[in-house]
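You will see two complexes here that share chain A, one where it goes with chain B and one where it goes with chain C.
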Partner chain A sequence: MAGDGHMVPELDQEKYDADENVKIICLGDSAVGKSKLMERFLVDGFRPQQLSTFALTLYKYTTTVDGKTILVDFWDTAGQERFQSMHASYYHKAHACIMVFDVQRKITYKNLNTWYQELREYRPEIPCIVVANKIDADLKVTQKNFNFAKKLNLPFYFVSAADGTNVVKLFTDAINLAVSYKQNSQDFMDQVMQELENFELEKKVEEEEEDISDKEEYDNHLAKPHTA
Partner chain B sequence: MGDKPIWEQIGSSFVQHYYQLFDSNRTDLGAIYIDSSCLTWEGQQCQGKAAIVEKLSNLPFQKIQHSITAQDHQPTPDSCILSMVVGQLKADEDPVMGFHQLFLLKNINDAWVCTNDIFRLALHNFG
Partner chain C sequence: MAYHAKKCGIRFQPPAIVLIYKEQAKEKDRQRIMPVRNFSKFSDCIRAAEQLKNNPRHKQFLERVSLQQLEKLCAVLKGHLQGQNLTESLQKIQQETVLDHDEDLNKLDDKELKKRKSLMDKLFEKNCKKKDDPEFVYDIEVEFPQAAQQESCGWDDGSDIEF
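Take a look at the complex of A and B:
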């Protein structure tokens, strides 16, 4: 049962294949303000979904892009990355990534390299935005050069979750990038993976047909104690 | 308390001592391991006091707090003690997560040391 996200509707990632659904993941060290940024953007009356058995927090958001309704799922980690590397399904089917560091802590900027490498292992082509958070603590940091984003040709934003600077712009742009990535996916890997998945599905259907009598027996057997 | 079997007493004092050290100054945990001790941390193996202390010291959080939900202890045929702990932890400001940890304790020169230590977060895969 564990390992099968289909048991938990929120984690059924098939839905991200539908046109109106996009998945945006947040990456970056602990305590750089990923959740604070999310909460700042979504403000009032908003309850994130804590999925504690998976150490995940999901933020749902509905918006309109080019006249079409888009349902956005923002994925945020809840600390598992301190103990182990991030589970591959975190990256699965993501359409954009927001990568955050804390301008007050140099190490969180350095670690962007590691985060970026891991991201590209799983999602070689998705748009990735680099975010310098906590600029309210010292506005002079906005004069500094942060070459990481420039070197990789990634969009870069100075933001403050505390006072709201650039927060709406960041998320609006992230959503637009995710939607346009999805519509004009140049990601060859995606297509290949999609084909492979379909291929496996077809195979599975055949297998299931053969096994169906066994399975039914098994289910009946399981159901007995409940009906008794 | 006096009625508890000896392995329960030793096991539970070890567990209490271990998490007290872990939560206050985990670099001091070297004292409970020996050079042939093994640690498996979320599937990653290390062996030896030095390697274990390095692994635990470098975990990326400042503060950590463990809360023990349950612990079980058993004597083994070769006079060791096997302990299993189920609990919750909170690292810095992150949400609380469940964990499981297993220890094998051995008496060497009148002191109890940990020869084997296995740790897992109680998280499940998804998707």
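Take a look at the complex of A and C:
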């Protein structure tokens, strides 16, 4: 469940509900250059926060969008991607996703499928950008046609973390997409998920109540705080 | 001092790096034999290469020989000491210095993944524009027009994308 995020105590994900906070996640196979892209975008301003217990690196960035200050948290994997799956809390409350593959390695392109499916399981509606990294290795790839993004109607960028091509554009666009998603989305699935969570909570409380009333007196039952 | 390195090789017995070079303003090629000392089948090739490169007596001759080449020659020597023939040694070196683009890096442990990443870093460093480079530009936007993307990447086979 996406609600698992609450189980991670040091990670306050409640803040992502505040208007000025957005969360952008990076996905993709090992060694496609996710961290290198982050570092190129943040150049000297990067102070990554390593959360090794969660195999996770956080990069903080402050910017303005339409005159408003926006605090961005970029979430980057730190080895967890090796299991070709991320913990639910990674996706929890994310407002946009940057999905990266390495133009030199077919398998990283093929695996976009798996990443995308998992993303959509947790975040059915958030904007997702597909990124072809390492074009500096062979510029000819930029004349080729990569169908994955086109089929899914997703924005697609050719970038190079090494020489910097389109890196700033990618991140600026991702932030704008995240902010506008947050402001405008009447994300139906989000609401459904929320309802489901509430529903499950209520159900749990009810079950507890039943358990208790089986064993204990009615008074005791009333005194029990209704938390799950 | 200009010594122009022309060729660099290895001698197994006794172990030595052999350099063919030309001295500036002189006609003839010369040969220099530089012993590789205290080297065993357990030695670290990177360290051995560094020692040669920093050796005050050889330094100026090896200026134009890359550390990678010396490292590779030491690896051939090491292979020989381990009883491999030349073809086997070269194959092994090839595997360790050339990235296999079809390998699934998700399946490697930390140590192996680190090795592959350091191979990739070579290309990265080569093409990298650092922020203190006078030519560094922070925001570089390049349009790659879709109209020019005629050829397929060859990685889409239609059936496996089910969305």
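Keep this in mind: the second predicted complex is superposed on the first by the 178 of 228 C-alpha atoms of A that agree within 3 Å, B and C clash if a C-alpha of one lies under 4 Å from a C-alpha of the other, contacts with A are read in each partner's own complex, and residues count from 1 in each chain.
By our rule, contacts are C-beta pairs under 8 Å (C-beta built on N, C-alpha and C of every residue); 3 or more make two chains touch, one makes a residue touch a chain.
Every value quoted in this text rests on a predicted model; they were computed, and no experiment measured them.
Of the two partner chains, neither chain B nor chain C is touched by A:15. With both structures placed on the common chain, the touch criterion links A:137 to chain C but leaves chain B unconnected.
Contacts of A:80 after superposition: chain B is touched, whereas chain C is not reached. Contact with chain B, but none with chain C, is seen for A:55 once the two complexes are overlaid on the shared chain. Within the superposed three-chain model, A:147 lies in touch with chain C and out of touch with chain B [touch as defined at top]. In the overlay built on the shared chain, the residue A:92 is in contact with chain B alone; chain C does not reach it. Comparing chain C and chain B on the residues of chain A they touch gives the larger count to C. Looking at the shared chain after the overlay, A:36 reaches chain C, while chain B stays out of its contact range.
Shared contact residues of chain A, touching chain B in one structure and chain C in the other: 29-31, 79, 82-84.
Residues of chain A touching chain C in their complex: 29-31, 36, 43-44, 79, 81-84, 104-107, 109-111, 113, 116, 134, 136-137, 141-148, 151-152, 158, 160-169.
Partner chain B is touched in their complex by these residues of chain A: 2-3, 5, 8, 11, 13, 29-31, 50-57, 78-80, 82-84, 87, 89, 92. Partner chain A is touched in their complex by these residues of chain C: 101-108, 110, 113, 116-117, 120, 123-124, 126-129, 131, 136-142, 144, 148-156, 160-161, 163.
Residues of chain B touching chain A in their complex: 41-44, 59-61, 91-98, 121-127.
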